[in-house]
Amino acid sequence: MHIGLVGLGKMGGNMRTRLRNAGHTVVGYDRNPDLADVDSLAAMVEALPAPKVVWVMVPAGDPTRSTIAELKDLLGEGDLVVDGGNSKYTDDAINAASLAEKGIGFVDCGVSGGVWGLENGYALMYGGAASDIEKVQPAFDALKPEEGGAVHAGPTPGAGHFAKMVHNGIEYAMMQAYAEGWELLEKVDIVENVPAIFESWRHGTVIRSWLLDLLTEAIEDDEHLEALRGYADDSGEGRWTVQAAIDNAVPMHVIASSLFARFTSRQTDSPAMKAIAAMRNQFGGHAVHTDPPPGGEANPDA
Amino acid sequence: MHIGLVGLGKMGGNMRTRLRNAGHTVVGYDRNPDLADVDSLAAMVEALPAPKVVWVMVPAGDPTRSTIAELKDLLGEGDLVVDGGNSKYTDDAINAASLAEKGIGFVDCGVSGGVWGLENGYALMYGGAASDIEKVQPAFDALKPEEGGAVHAGPTPGAGHFAKMVHNGIEYAMMQAYAEGWELLEKVDIVENVPAIFESWRHGTVIRSWLLDLLTEAIEDDEHLEALRGYADDSGEGRWTVQAAIDNAVPMHVIASSLFARFTSRQTDSPAMKAIAAMRNQFGGHAVHTDPPPGGEANPDA
Amino acid sequence: MHIGLVGLGKMGGNMRTRLRNAGHTVVGYDRNPDLADVDSLAAMVEALPAPKVVWVMVPAGDPTRSTIAELKDLLGEGDLVVDGGNSKYTDDAINAASLAEKGIGFVDCGVSGGVWGLENGYALMYGGAASDIEKVQPAFDALKPEEGGAVHAGPTPGAGHFAKMVHNGIEYAMMQAYAEGWELLEKVDIVENVPAIFESWRHGTVIRSWLLDLLTEAIEDDEHLEALRGYADDSGEGRWTVQAAIDNAVPMHVIASSLFARFTSRQTDSPAMKAIAAMRNQFGGHAVHTDPPPGGEANPDA
Amino acid sequence: MHIGLVGLGKMGGNMRTRLRNAGHTVVGYDRNPDLADVDSLAAMVEALPAPKVVWVMVPAGDPTRSTIAELKDLLGEGDLVVDGGNSKYTDDAINAASLAEKGIGFVDCGVSGGVWGLENGYALMYGGAASDIEKVQPAFDALKPEEGGAVHAGPTPGAGHFAKMVHNGIEYAMMQAYAEGWELLEKVDIVENVPAIFESWRHGTVIRSWLLDLLTEAIEDDEHLEALRGYADDSGEGRWTVQAAIDNAVPMHVIASSLFARFTSRQTDSPAMKAIAAMRNQFGGHAVHTDPPPGGEANPDA
C-alpha cells in the first residue's frame, strides 16, 4: 500500500524502514528536512493515491493536535488518519469527530516495541471503525511481529490508545516489582552473585519475562548499577492509567505506587518527609532545625 | 547418581520421574505407602550408597524440621541433606548447624516450576558449601531446564531459599500488576474483547511474560472469569519477603500491597472499613447502624 | 448583613440558623417549598438589598452550575455569588469568568463541619478577590467557629475548594490509619478491651484527634461494629486530591491507598483478585474453577 | 508509694519529677552518676520497702533484657518489675516468665507523651495481672494525664506494649497523611499562605488533632521547612506493627506505606529506581549509563 508517515524520529524512522522492507510505499514527512522524503505535509498528501492514508507519529498533545488539524485541511472524504503516537485516549474522540466533519476516517493506534520493533515487529493496539481499519490493515500486518501482536481493541475512538495506556501502567508495576526484589537481594548478605540469580530466573521460573531479560542484561554489565542514578521519568500513560482507575472506582494500589515511586525518584529532597521531620522535632517540644538529619535518640516517635 | 527423595506429592512425585528419566536412581519415601518405594525413612537411607544424598520435599515448618531431625539420626559424616521445600530461610541455618554436629552436609534449594516442571524443568536456587553442592549437582542438572534455570545463590545456608522467596515476592506484584490492568479494561466501555488484547500483548510488547500467557489462557476460556471467586491464598514467601524488606529498611510498596490485596480478598467483610463507616456515621452526629450500606448523601466526608 | 441562601438541606438549613442566630437576615430558597422562605430564585434575589450576596449550597456539578447560570441572569454589577458546596476547584475558574462577564463577583468556599457545625461553627476555606470576600465577611464571621477556622486560601478562584479538597484527602488517610490499627487490635488475642484502649488514647497521646473521638464513641456503643458493614462511599474530593497529586507529580501513597480501600469496600467480588486466582489455577496446568475458594495446597505460588 | 526507677534520661528524668511532684518517693538509678540517686541497682533495690516495685525505663532490646536479668537476682517473691520502655511485645512474655521463676511479678507499660508528658501527663498502656498492676497503680495515677490516658490493655504480658506499638503505627500514617497534603499544597500555585490554611484547620475541621497543631507550629516558624531535610528515622514500633499485621493477615496499606516512605527518605539514591532506570535504558537497545539523569525523550516507556 501507499502510506504517508508524519514524524520520522527514532520510532517513525524505523517504522518507515519496516514498512518499506515489507514492500509498501512510504512517503515520509518530518520537520527536519534531513529525515523527510518530501518538504511539506501538503507535498506528502499530494503524493498519495486515494483513498489517502496518513500515519501520524509525533509527540502527543499539541504536536499531534496541530498535525491532525493541518491534515484535516489537506485530506477529504474517504481518506484516513492514523494516530500512532502516545495520545491520551480522550483526545481521540475529539480528533475523530473533527475529521469526520470532512468525511475523513480516524484510527488510533498504540504502538509498543521501541528500537527492538524494527527487527521484531511492533505490538499494535488500535481502535476505530472496521471499515477504516481495513484501509490501513496492510501496514498493520507489516509492522506487527510475525506472530500475534496486533489487536482491534474496539470501534470507539481511543480504544487502541486506552489498551496501550493500560499496557504501560502494567509495565510500570512489573518494573517496580523486579526493582524492589533486586534492591532487597542487593541489600542482604545472605545471597551472593545477584546477577547470576537473575540470569537463572530467565528459565523455568514463574517470573520470566522480557523485562527480566532486560534487567538481567543490565546488571550483568554493571552488577550494582553504579553508573546509573535512581531516577525515572514517567510518560503520560502511567498517570492516565491511574486517573482512569480513579474515574472508574478501580483499586490500583501497585500501579499507583509505581508511579509515585517515579515521582519520588526525581525529588532531591522530599517536601512530605520534611513535614514528617518537622512533626518529629516538635515532639521534643521545640523545633530543632538540623542538617545533618536528626538522630533517632533525640526524636523518638513519642 | 543415587538419591533419596522424601515427599512424593505432586511436586516430589514429578521430580522423581524427571530424575529417573535422566538415568538417576531414586529411592522415594512418603508417608503414603501408595506413593513410596520403601516403607520407612530408615529403609530409604539403607538403600543409598555412601555418601548418601537425601532430598527432602515436604511442607515447610514442622514437617521439614521433624524429617531433618530423623535424618540426622540416620545419616552420618559426609552425607548430605537437601531441603527442597519452601522453608523460611532462617530455618536453614538452624538445620545446617544441627546436621553439622554429625558431619552431615546441608544444602537448601528453592524450587520453582509447578506441574510444568516435569516437562520443562525446575528452576533451582540453592545455597550451601560448594563441596556439598557438588554431591547433588547431577540431580540439579537433571531437574533444571535445558537452558539456565539453576543458580548457586551463595555459600550461606538459606541463600537458596532467600532467592526463591524474593522470586515469589516479585511474582505476587507482577500478578497484581496484570490483575489491576485487567480489572480496569473489564470495567470500561471504551475497549472490547479484552481477551484479544491480552493475547496480542503476548508478542512484541514490553509486558510479555509467562504469567501473561497464563492469564491470557484463563480469560480465553472464561472471558469474565465468572467461574472464579476473587480469592487468593498466600504462601509464606510473600510475607517473608516483606518482613525481610522491613528488617533491611528496603521500601517495598508494590510487593507489600500485593500481599495485602490477598489478605483483603479473603475477608468477607473488612473490619477496617467498618471502622471507616463508623467514623462517617459519626459525622452525622449519631451512629446510624445500617445494612444495606449508608448512602453517600447522608454520610458526606464532612 | 442580608444574604440569599440557595439550598436548605441538612447543611444549608443549619447554616441559615447559625447566620440568623448571629443577627443576619437570611432569605433562603430551596426547590422544596417546605424548606424555602421564598418561592423562587428570582424572589430571593428581589428581596436582597444591593450589593446582593447569594450563597449557593447545592450539590456539586450540574446543580451548582445551573444555579449559578440562573443567578448570572438575576444579578448584576457589584453583586456576589459564593459557592459553598463541594465543587471541584477547576469549576470555580469557569464560574468566576462567566459571572465576571456581568461584573458579578465570585467567591468559592469549602465548608467543613457537618451537623456539628451548627453548634461549633463551620471551618471555612475560601478563595477570591479580597474586595469580594469583604462583602461576605460578616457571614463568614458568623459561620466559623469561635476561634480560628476560617482562611482566605488565595485570590485565585478555586483556592478555597482546593484547600478543602486536600483537607478531605488528608481525612481519608487519617481515617484509614485508625481503621488499620483498630483491625489489628481486633484481630489479636494479646489485647483485650479495645474500646478502652481507644478511649485512653484520647488523652496525652500523639494520635489524639477529633476523628479518634468519633471512632471511640462508635466502638463504645458497638464494640465490634457488628451492626455496620465494611462499606464506604467516597465523595469527589478524595479522587480529585489524588488526581491533583498526579498532575503535580506529588507522591501520595497513603491518600491514594485510602481511596482505593474505599473502592474495594464496595465490591462484592474483586475482578483483580479473580485474575490472581486464575493465574494461580494455571500454575496447576489447568484451570480449576472452584467455589468455595481453592485451597493453598493445590495452588502453590509455584 | 516508693518506687525504684532505672534509666533517668529525658523520659525517665521527667517521670521521676512528675512522680515526686505527686508525693511519691522515687529512688532513681542511672549508669550516669550525675543523674542517679544511688550508685548501683543493688543500692536502689536495697532502699525500697517490700513489696519492691522497680520501673525500668531504658532502651529496648539488650539494655532492657540485661537490666531485668540483674533485677531478677536482686528482687524476690512478691516484688514487681515494670518495663516502661519501648520493648517489642514478644520480649514481654520472655521477661515475665523469667521473673516468675522467682515469684517476681511483671507489668509491661507503653508510655507516650515525650517531653510534654512532664506537664500534661503520660499516656500509659499496660499489660499484666491485675494483682501486679495494683502494686504500681499509684505511680500510674501520678504519671497519667488528669483525664483518661491510662488503660489496662489485658492480662497477657505484652498487651501494653502491643497497644503502644499500634498507637505508633497509626501515628506514622497520620503524619504521612498531613505530610502528603502539605506537599501538594506547597506544590500548587492556586493556594497561597499554606501556614494560614493549616492554622485554620485546627478549629472546626474533621482533621484537627494534636499532630496538626505540631505541624502548624513548625510551618508558622519556617513556612517551607527550608531548615529541615526530608529525612525521618523510624523506631521499632512502626516495623513491628506491620510485621504483626502480616502475621495476622491484616491488610495495612497506609501504615506500611508510611514506614516505607521513611526508609526511602534515608536513601541518598534508590537502588530500586536504579533498576527502573536500567530497564528503561535497555528499551533503547543498549545501556546508556548517564549522570545527569536520562531525559524522557530518549527513554520512552516503550
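Odds and ends about this structure:
As written, the chain order gives the labels A, B, C and D, with residue 1 at the start of each chain.
By our rule, contacts are C-beta pairs under 8 Å (C-beta built on N, C-alpha and C of every residue); 3 or more make two chains touch, one makes a residue touch a chain.
What you see is a predicted model; the values in this text were computed from it and never measured.
Counted as hops between touching chains, the shortest connection from chain B to chain D is 1. The most distant chain from chain A is D, comparing centres defined as mean Cα coordinates. Both chain B and chain C derive from one sequence, and where they touch, over half of the residue numbers involved are common to the two copies. Across A-B and A-C, the chain pair carrying more C-beta contacts is A-B. Of the chain pairs A-D, C-D or A-C, the one whose interface repeats that of B-D, sharing more than half of its contact pairs by residue number, is A-C.
Per-chain CA centroids place chain B at a distance of 43 Å from chain C.
The mean-CA centres of chain A and chain B are about 32 angstrom from one another, to the nearest whole unit. Chain A and chain C have Cα centroids lying 35 Å from one another. Annotation for chain D: residues 112-114, 168, 171-172, 176, 178, 180, 183, 187, 206, 211, 249-253, 257, 260-261, 264, 266-267, 270, 272, 283, 301-302 touch two or more other chains.
For chain C in complex with chain A, the touching residues are 206, 239, 242-243, 246-247, 249-253, 256-257, 259-261, 263-264, 266-267, 270, 272, 283, 301-302. Across the interface of their complex, chain C is touched by residues 11, 86, 112-116, 168, 171-172, 175-176, 178-180, 182-183, 186-187, 211, 214-215, 217-219, 221-222, 225, 227-235, 237-238, 253, 257, 261-262, 264-267, 269-285, 287, 289-296, 299-302 of chain B. Every residue of chain C that touches chain D in the complex is listed here, in rising order: 89, 112-114, 117, 120-125, 127, 144-145, 147-156, 158-159, 162-163, 166-174, 176-178, 180-181, 183-185, 187-193, 196-197, 199-212, 241, 244-245, 248-255, 257-258, 260-261.
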